[in-house]
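Some structures are shown below for you to check.
In what follows, chain A forms one complex with chain B and a second complex with chain C.
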Partner chain A sequence: MIRFLLARLGEVVGVMLAVSFLVYLVLEHDAASVAVKVIGQYSTEGQRALWLSENGYDAPFLVRYVTWLGRFVTGDWGSSTHFREQVTVLLPQHLARTGILAGTAFAIIVPVAFLFGIVAGVREGSWADRVVSFIAVATTSIPEFASAVFLSAIFVFWLGILPGASTMTSGFEWQQLVLPCLVIVLYDFGYVARMVRAAMADVMAQPYIRTALMKGASPARIVLRHALRNALVAPITVIMLQIPWLISGVLVTEVFFAYKGFGTLLYQACLNSDVALIEACAMTSVFVIVSTQLISDVLYTLLNPRIRFGLRRGEA
Partner chain B sequence: MSILRTTSGRPAHPEVAAVADQLLKGAIDRRAFLRTVSLLGISAASAAAFAGLAGPAAAQETPKQGGTLRYGASIMEINDPMMITWTQPSNVARNVIEFLTQVDEENITHPHLAASWDPSADLTTWKFKLQPNVKWSNGDAFTTEDVAFNIRRWIAPESKSSNKSAFSAIKEVEVVNDLEFTLHLSRPTLAIPEMLFAYTCPMVHRKFIEQGGVWTKNPIGTGPYELVEFAVGQKATLKRKAAYWGTKVHLDEIRFIDLGTDVTASIQALASGQVDIVPSINTTDIDVVKRLPNATLLVGHAAQTICIRMQVTQKPFDDLRVRQAVVLAADNQKILELGYRGLGMAAENHHVAPFQPEYFKLPPVKRDVAKAKALLAEAGYKDGIDLSLVLGNTQGRWEQDCAQILQQQLAEAGIRMKLDVKPSSEFWPIWDKVPFGLTFWAHRPLAVMTLDLAYRGGGAWNESRFASAEFDAALNKATGIVDPKQRAQAMEAVERILQDAAVMVQPFWADRFGAMSTKVRGFRLHPATYNLLGNVWLA
Partner chain C sequence: MIRALLRALRRPGPAVGFAMVLLWVACALFAGWLAPYDPLKSQVPLQFPLDRAPDGGHFWLGTDLLGRDILSRLIHGARTVVLWASLAAASAYAVGIAGGLAAGFYRGPVDRVLSFFANTVLSFPVLVLYILIIVTIGASGLNIVLAVTFASAPAIFRIVRALAIDIASRDFVAAAITQGENALRIMVVDILPNASAPLIVDACLRLGYIAITIGTLGFLGLGLPPPTPDWGGMVNEGRGMAMVFPHLVVFPCIAISSLMLGLSLLADGLNEAARAGSRA
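And then the complex of A and B:
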């Protein structure tokens, strides 16, 4: 297990290094354009040249990359040109807010998706299965920007019972969380429910379920004790994949409702060519993706002892 | 004449009598009169009385004291107020730190921290007198020492503020006593009081640098409010101070809320009563705002425009006939109607707006497709010509809509114009380098400010590379003429030279839009997007 973890950690570091190089290459290979982005489009050639030499942009690209990486690793992430604030100040607060939104949505998506998925998967082809599948496909196929417009037309403009912007500037208000959460849940739960349904249907067709049934086990016991644990393995990966999506993929929802989370931060960074902020956001996203992958791999081995990662064939 | 009083109590500038005479003879309108005499130090009240204008119409409702106004804004760090590069952060600070003068929604300049000013006849020596009894929020008195500290810092050799070039005419700030100072200029400049209200010109305390140089950490000010809360990207809160030297303000608290870059969120916030003022909305949002029962649409004229300009140094635009053909084939009024829903005023390809004080009315520009074709043929393009226009939709999709309408108009004259649409981040690095480009130009109170930057030979932002000694001389002549009629006449040459050179299709002046809650009283859009909240109250 330790060897497996170390090997996976090595991979994680490798992926992050590769991505950091790509990010730096894309954003900073053209030093002149960095100067334009940082000191503004109206700056003169002279001011740009001065800024470039002051900030070490005379050095070759690889040297600049290594210097940047060194600073990044030691926690010097630079400052945002748009907000005029240290990136290390901006990023944690925005991440925390996305954490609240994503966490709430996640806490709704998982149980709802499991409930729907199990109900549908236990009896494939039943009317319950058909209804659930229809709802799941319908909600998943409506993109967030469309459901956001639709929901705010109903709850903000027509009924007037929910706030239309979720800035949370006067402190936390649960009402402001309702619409963004609803948009995310609507878009995402159907996908997870269908995964659970497929896995469940698969397991329910296995001979050991029939055996349990013939031994006279109650349906509840069959589902909870025999089927569910085995059906969890595939959806776990899907669920873990939702976490990185919830961190950076909720950009559309966050921007629409002016929710000050990680997605809004990344969006504003891109709009304003805020180089240091884009780099930090990109690295954070990559970190979330590779670390959730690592966790899901570990969960896999715990849920299914037959899976042994990191061992060569014949060793098990 | 006896009722025209200076705010300082000193005799009026010699030009005042002539300007007043012109008003009486109908040579200039009331607005031009008010603007000019207020710049020359005449009190607005006496000028308004002289012009036969009633004072401000008696308000139908008595302003109510108290309440919290919530204002949609982008909250950015404000370290050094003279280094602000956008109006939004200045609006957050505006009601805490104040300016020597104040330009109102009608482009008229009023005294503020400076109670009065008297320019010399040649407009190179300006004597200012400060408002007495003004106190900083830390208890210190506001004096000329503060003013000298600020202005000297703006124009210092190491200054990185845009004030440095704006006030390059200032040779010296002479402190006479605690309340009087004199500006000595190297060239006549009429617009000094107007320029002192630029968003980079708020007065900070004389110990600003000594005390750290970060304004939000130590927000000392002379204004009616104090900054009590500030979070970048989120919010800023101002609370009314117990004592204020000026006219009493109505609101207890002003809360600036960052509603992000998507205007939809701002309008939703307005609809659900989370915000009271959304200072800027897109033309596409106008219909939604009109339909909201709890909101009022705000409309304001501004000298903001798009310039579809050609670089006179680049082929094929080095040939005047090609440029003339493009300009003649364009129909400015149609571009305004179809591209911007008619929400503005057609322009005349010389970048001077009818509501700017220097404007001189030239004969109307007429579309002439046949002549455009003939000119093209003469220039050697009998079978038409292929052009490529670069644009970046920096203000929104309407820029591209306008370009597409121009594209169809030019096609009638055999000009095949391709559109090269770039993301705005890719457009900005090349905006002044492409041979044929569409650029958005922001509002400026005076046309000469734009003309100086964009069309003077070697001007900092001369994107068309237009250079004409004749034009520069005409512009020099117009700048520094006090008399508005004479100045407008001098502008005739300036406008005509630029229009005849056919460097651009400048289709229209774009109106500006905002929205506010029906509860808000006394708020109007300012042409420069500054927020003046002194008279604002909540019903």
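And then the complex of A and C:
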């Protein structure tokens, strides 16, 4: 187990390093344009040259990268030119707001998806299965910005019972969280439900379920005691791997509802060429994904004792 | 594969999906004939659906802020999305398949380098990657193709690699190697055709996701530059006035959702047909 963990950890560090190099290469390979982005379009040649030499941009690219990486690792993430604030101050605030949004959505997605998936998977091919499968396909087919439009049209324009923007300018209001949450839930629960359904259908086809049925166990007991436990292993890891999708979806939803979270922060950083902020946001999002993958791997091995720890999975 | 398609179309879900996709492809092909007006021509601004047009006809879905007919823009927008999404998908598949075949067939260092690169790209949230690339290289059709290739090829690479590893271990590949066939021929003639069924199902879904991506980029203002009729871009332009004129944004959203739903239903049907075929 320890060896497996260490090997995975090594991979994660390698990927993070590669990502940081890629991000730095894309954003800062051209020192002159960085100067323009940081001190503005209307700066003079002299000002830019001065800024470049002051901030160590005269050094060769690789030296700059290593210096930047060193600062980044030690927590010096620079300051945002657009928001005029330290990145290390901005990022936690916005991440917390996104955490509230995504956490609430996740807390709804998981039980709903499991309920739907179990109902559908218990009897493959039944009408309940067909209805659930269709709903799952249909909801995952509607892009977030489209379902945001549809839901706003119904609840804001037509019924007028919910606010159309979630700026939270006058403190936290739960009403402003309803629509963004709904959009995320709608887009994401279908996939998880289909995974649960597939796992459930697989287990229900096993001989030991038939045995339980023949010995006279009640259907509820069969589902809850015999099937569910074995059906849960795959979906739990799938849910962890769902988080990258969740991040993308949250980004669009936040921008649509003007919710001041991580997604809006990244989006505005990109639109305003806010180099330090983009770097920090990109690294943070990658870190979140890589660590969820790591957790999902560990969970998978913990939940399924048949997996040999020394063996690598096909898709490590 | 055509047999699998025909078998899939016998069920209502996939048949409806196929019809929806066909409808939009027809719109894309015959946009010039089907659209009632020029999608770029400015007429009467902000007309509601069914309002009369100055030439005696109707604006079936209303007009936008610049007075352009929304129905015509939707029909021409189908051309934009079908064209660029297929180009992007084709390019991503070309790169992903080439890499996947090479990694799965040769293994060793080739596989390790390519896999590491794929893992690196795949550890970004997709949308973050798209936004980073588009903001860096600028928004244009060709750059969208580039961005999609960069972001989707690694996922395709993984699928092809896994399939290729499996197929390369079969006897007929060993026979081909013994016969002295060259590596390229083995990969393209012996391995690739045997991997095609899952790839076609994947392509169907991925095409939809790429269409959604193009729409989402348009919505974020990073899509095809105006005045190109683009569904996501239409939502972005109309968003500010959606509270008073919801038709500006609702119809483009219906368009993109129906295209994606069609592709998903079709992919679902193909998947099931392929599984049933392999069982029989």
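In this text, the second predicted complex is superposed on the first by the 306 of 316 C-alpha atoms of A that agree within 3 Å, B and C clash if a C-alpha of one lies under 4 Å from a C-alpha of the other, contacts with A are read in each partner's own complex, and residues count from 1 in each chain.
The rule is simple: a residue touches a chain if its C-beta (ideal position, glycine included) is under 8 Å from a C-beta of that chain, and two chains touch if they have at least 3 such contacts.
Not measured: the values here are computed from a predicted model.
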(request) Considering only touches as defined above, state whether A:Val19 meets chain B (first), chain C (second), both or neither. (result) second
(request) Of the two partners chain B and chain C, indicate the one touching more residues belonging to chain A. (result) C
(message) Just to be sure I read the superposition right, which of the two partners does A:Ser33 touch: chain B = first, chain C = second, or both, or neither?
(response) first
(message) Let me test your reading of the model: by the given contact rule, A:Ala227 touches which partner, first (chain B), second (chain C), both or neither?
(response) neither
(request) Could you look at A:Ala258 and tell me whether it touches chain B, chain C, both or neither (first, second, both, neither)? (result) first
(message) Per the contact definition in the header, classify A:Ala201: touching chain B only (first), chain C only (second), both, or neither.
(response) neither
(message) Just checking: does A:Val122 make contact with chain B only, chain C only, both, or neither of them? Give me first, second, both or neither.
(response) neither
(request) Applying the touch criterion given at the start, work out whether A:Ile278 contacts chain B, chain C, both or neither, answering first, second, both or neither. (result) second
(message) Let me test your reading of the model: by the given contact rule, A:Val156 touches which partner, first (chain B), second (chain C), both or neither?
(response) both
(request) Report for A:Thr167: first if it touches chain B alone, second if chain C alone, otherwise both or neither. (result) first
(message) Taking the stated contact definition, name every residue in chain A that is touched by chain B in one complex and by chain C in the other, in rising order.
(response) 152, 156-157, 164, 255-256, 267, 271, 273
(message) For a test of understanding, state which residues of chain A touch chain C in their complex under the given definition.
(response) 11, 14-16, 18-19, 22-23, 26-27, 133-134, 137-138, 140-146, 149-150, 152-153, 156-157, 164, 244-245, 247-248, 251-252, 255-256, 266-267, 270-271, 273, 278, 281-282, 285-286, 289-290, 293, 314-315
(request) Using the touch definition up top, name the residues of chain A that touch chain B in the complex. (result) 33, 36-37, 40-42, 44, 82-85, 90, 94, 152, 156-157, 160, 162-165, 167, 169-170, 255-258, 260, 264-265, 267-268, 271, 273
(message) Under the definition above, what is the set of chain C residues touching chain A in their complex?
(response) 13, 116-117, 119-120, 123-128, 131-133, 135-136, 158, 162, 165, 208, 212, 215-216, 219-221, 232, 235, 239, 242-243, 246, 249-250, 253-254, 256-257, 260-261, 263-265, 268
(message) So in the complex, the part of chain B that touches chain A is made up of which residues?
(response) 76-77, 79, 85, 232-235, 255, 257-262, 264-272, 274-275, 292, 425, 428-429, 431, 460-461
